[in-house]
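In what follows, chain A forms one complex with chain B and a second complex with chain C.
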Partner chain A sequence: MDLFMAGLGFGLIAASIMALAAVGFTLQLGVADIFNFSFGAVMTASALAGYEANAAGLNVWLCLPVGAAFGAALSVCLNRAILTPFMHRGAGLFGMVIVTLGLAIVIQNLILAIWGPVYFTYQVDNSSTVRWAGMILTTSQIALAACSAAIMVVLHLLLTKTKLGKAMRATAANADLARTSGIRTSRVNDTVWALSGALCGLGGVAFVINTVSFQAATGTDYLILVVAAAVLGGAGQPYGAMIGALIVGVASEVSATVISPDYKDVVALVILIGVLLVRPRGLMASVDLVQAGGEETIA
Partner chain B sequence: MNATHHMRFLVPVVSLAILVTTGPGLSSGYARSPSSRVASSSRLVFETFEPYSGPDAAFGPLIQAGCFPAARLMNQAGGIGGHQVACNSTDTKGDPADAVPAARRMIATTSNLVGIIGPSSDESTATIPVFQQAHVPFFTNAGQAIFRQDSSPYFYRIYPPDDSAGYAMAVWGHQKGYKRAAAVFGNDPSEQGTVPTFLKAFTKLGGKIVSNQSVALDHPSYRSEIERMLQAKPQVIFTEIDPQTAATFFSELQQLNGSLLPIIGADPTLLPTWFGPVAKAIGTSNLIKYHTAEQPATPASTGVAWHTYNGALRASSADIRNPAQYSSNYTPEVEYDSVNIMGLAMLAAKSTKPSVYNAYITRVTAPSRGAVVVRTFKAGKAALAHHKRIQYLGVTGPFLFNRYHNAPVRFEIDHFDKKGNLVTIGHVTAAEIAAIIK
Partner chain C sequence: MKPCSMHTSLAESERRPAQLLIRDLVAGYRGIPIVNGVTLSVGEREVVSVLGPNGAGKSTLLKALVGLLPVMAGSIELDGVQITNMSPEDLVRMGTGYVPQVRDVFEPLTVRENLDIGGYLLDSRQIKDRAAEVLALFPSLQRAADRRAGTLSGGERKMLAIARVLMLRPKLLILDEPTAGLAPEVSKRFLHEHVRRLISQGVSTLLVEQRVSASLEISDWAYVLVTGEVRREGRPADLLQDREFAQVFLGRRAELPAIRRESNDM
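For the complex of A and B:
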């Protein structure tokens, strides 16, 4: 039982970090309609920006906003300079998948070309350990989880209580209709890329604060779990991504306490396949906050 | 922006993408001088066929660091049969799916390919048949035990198989008096190769494996694995995991347990690329205190062979990033010797044709009556010019190849000092390993 509770605690932390990235990924998917495989590489690049700031003497916690700002800026640039032009030229969903895969390889290789095949390590102070109800967590992990939860609340308020959130939902539901209704969809699109890029950057830095060390392929390797969480929750659904991250994070960590840890990813992906067999559009498809919810609100 | 404008913009972007993703120099993250980047038609090419990207991306630069000083010294000595020598690289990505087409492309497109350094364990089983068909000698650093009896005439291994490393780790753990051990090894082929013999040998020596975990590499957390391991109360951890995984695993172990446990690692845990991130994650003093690891025993960093190697290595800063880090590193020293052996075999055979000089590789390394013992390529070339038989020892020799072209070695036990240099604290002999294998 102790081991289960410990695994549950570790899973909650893994989920809180994964949720940042999964929500960012699903926002891009929901609003921009791009299955962005370069998301993991942008996570790595953002973590690298945080690393450089950390190496220059910045406190590791201040690297979170640095990573967020870098992720936002890079995502907006990539969208404007590469992805949007391809979409305007009629690239379909599959074509965009290939473009983003190529972008991921380019970013990863640029990191390798500039920094070399080295491992980057954050200067993270060993924080104290907190034991509660069988869970064993460090103060830095609790801080990361709290940070993630706060960001999720802010995101919820943004999507449901602000004009910008409504505009995002309207654009996601029907961009042409939104445009004729007076919504500046290109600006909304930029905002979504900045927001999702910031979440991507935050996810990258938070991931590395937890792992301490990373290399050029780290974000790309991690992306499969992020995508699993996003798809499990329902593609394009921020709340779904949160729940998906929770399931993937907890399932993989708890399973590692019972069976060979070699299979922890396998367990998460088997759950994903099982859920999609029953609910092909994901767990939160009916809630449809970004898409269907947008239609209801605007209507 | 109109479509024409888009295309003006996209063409350079796509071109850059192609350049970055396909250019071997860039993809390896490796600065190389023009002289070695492009092999002219008359240059003989030694190709390093290793991962330059992916989790084992550190392998390629580490291994190729041995080729550049060897090529430099060969060229300074007048080359081989009038040909200059160059070192090229092919990125296997550490993945058989990528490595097989890369191997075929390399063989088809590399002019004057005379020798291959690699493959690593990651892609060895998939690519070795390709090299066999090509009739090009290859010196592999693959650790799989199945190659103990590889019948390919072009296969050479002067690294100990991973299973020998497993024996060496178990013997050292036994000598230190540990009875309850945890095994924590990565789940890829290069890291799993050590496990079966380690488990077998440690048990045979009277120890008990209380926790045996094969961990998925580069995960965000290993806390569940650590908690499960700690519940088994091990005295020591035997391990081979990549630097990122190790940094995460051991820093989390420190947090959860309050302190580290003694760690006995396989030889990759002695690499400079392992020291940096792990020392930062757990503290250099903790790493020095708790970590030891085996590696094939090398002579002390003295003598004419090592000084020749080290001088050429340090002069290769245009080709190798921070060459000084490899001064006393076994892996590039072995690769340096591998290139020298192939070069001397070509001179002995009076042919640069791989299928011809291949038969001379064992001749230039085997001890024999009247053979002149040489420690550098230049000395070997001079002796061969005088029609003498040679035995090349190099930095890491002697190389006593058996019928399967494996060369047995003994092991040393090292730990890091605070600068990341290695300090030898013990040895495991070939006889001790042979005693367990029986």
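For the complex of A and C:
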């Protein structure tokens, strides 16, 4: 039971970090219609930007906004320079999967070529340990989870209460209709890439603050869990991604402590497969904000 | 323009000054023309119907008009201003309001959010006031204001689609088969109650319809489009007296050429 509670504690932290990335990933899928396999590589690159800032003496917590800004800028640039031109020339969903896979490999190897095959380590302040109901967490882990939760609330308000958020959801649901309503969808798209890129960067830095070290392939390896969370919740759906992250995060950490760390990813993917067998469109398919229940995202 | 009988030319001179003027329009998909040199006009505060069988190019014509498809040749003027090949975003700002045949609302958004998006070009206070005015026109939508658009019935959904474009008080309403999928009785009531009533508010309407007699009843002028060309035009009363027209459109509907070049589900 102690082991389970400890695992649950780690799982909640892992979930809160994963939620940042999964929501970013799912926004790109829902609004821009791109299944972005380079998302993990952009996470790594953002973590690296955070690392350089940290190495230059910046406090590790201030590396979070650095990573967010870097992730946003890089994502907007990649979309404008590479992804949109391919889309305009008629690359379909699967074509774009290959493009983004290639992009992931390029980014990852650029990092290897420039920095070499090394482990990067953040200088994290020693934080004290908090024990509660069998969970053993550090104060910095709790701070990360709180940041993530706050960001999710802000995101919810953005999507439901602001004109921009409604325009994003309208564009995701029906881009032609959005345009005939006067929404400049290309600008909305830029905003989505900036926002999702910021989440990607935040996720990257937060992931490393939690695990302390990373290398060139870390983000790409992590992406499989992010995708699992996003698809579990219903592809393209922000609330789905949050719930998906919660399930995948908790399940993988609990199984790591209760069974063995080797089975972390396996357990996450078994849950994903199980859920998709029963609900092929994901948990939140018919109730979420962005994609309609009857609408195929991948079409 | 196709040769018209003496009768229709006389009638034509009685039409109101043109608000929308489409000349020799050619448009289609991937460089293949579906609409082939269509000339038509909508006068101020007129309801003009475009009738024709499946695949005649009616939806293509409207999509080119609202900027969703490129115009390959010809020109479009609205209130004397060239709007040929303007983007949909800019055309809305010129005063067009387009209701597509399908995918006509934002399904995951609530009724109220759909109206908010309809009023995207207004500031937030105006959106609130205008939404209240528009909802007053459609009492059944008012009751469903917080429901998701995807859960509405067919009739309610169409009302929302029209309410959404009314948010910006368009000068020209462009409706692509607003009654498709509605029961005959509902569609007749819909056309009379809602579309006709909008005219009293100073809106001109270009209406594409397959329900010929119902749409003729509310129209000031009608065009018959066949395989991408205007075959006939005139006042509804005159068209109804035309034997060939009556036979093809009202009598022997089963013999309509059912070319499905343009899918209705698009």
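Here is the rule we use: the second predicted complex is superposed on the first by the 292 of 299 C-alpha atoms of A that agree within 3 Å, B and C clash if a C-alpha of one lies under 4 Å from a C-alpha of the other, contacts with A are read in each partner's own complex, and residues count from 1 in each chain.
What we mean here is this: a residue touches a chain if its C-beta (ideal position, glycine included) is under 8 Å from a C-beta of that chain, and two chains touch if they have at least 3 such contacts.
These figures come from a predicted structure and were not determined experimentally.
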Touching partner for A:Phe207 - first (chain B), second (chain C), both, neither: first
Contacts of A:Pro85 with chain B and chain C, given as first, second, both or neither: first
First, second, both or neither for A:Ile17, with chain B first and chain C second: first
Partner chain(s) touched by A:Leu112 [first = chain B, second = chain C, both, neither]: first
Partner chain(s) touched by A:Lys264 [first = chain B, second = chain C, both, neither]: first
Touch count on chain A, higher of chain B and chain C: B
First, second, both or neither for A:Arg184, with chain B first and chain C second: second
Touching partner for A:Thr218 - first (chain B), second (chain C), both, neither: first
Contact residues common to both interfaces of chain A (with chain B and with chain C): none
Chain B contact footprint on chain A (complex, rising order): 3, 6-7, 10-11, 13-14, 17-18, 81-82, 85-86, 88-89, 102-103, 105-106, 108-110, 112-121, 123-124, 126-127, 129, 136, 138, 207, 210-218, 221-222, 253-254, 256-257, 260-262, 264-265
Chain B residues touching chain A - in the complex, by the definition given at the top: 1, 3, 6, 9-10, 13, 16-17, 20-21, 26-30, 52-55, 57-58, 60-61, 187, 213-216, 218-225, 227-228, 231, 243-244, 247-248, 251, 254-256, 258, 273, 276-278, 280-281, 321
Residues of chain A that touch chain C when the two form their complex: 163, 166-167, 169-170, 173-174, 176-185, 288-295
Touching residues on chain C, where the partner in the complex is chain A: 66-68, 87-89, 91-93, 98, 100, 103-109, 113, 116-118, 120-121, 124, 150, 164-165, 168
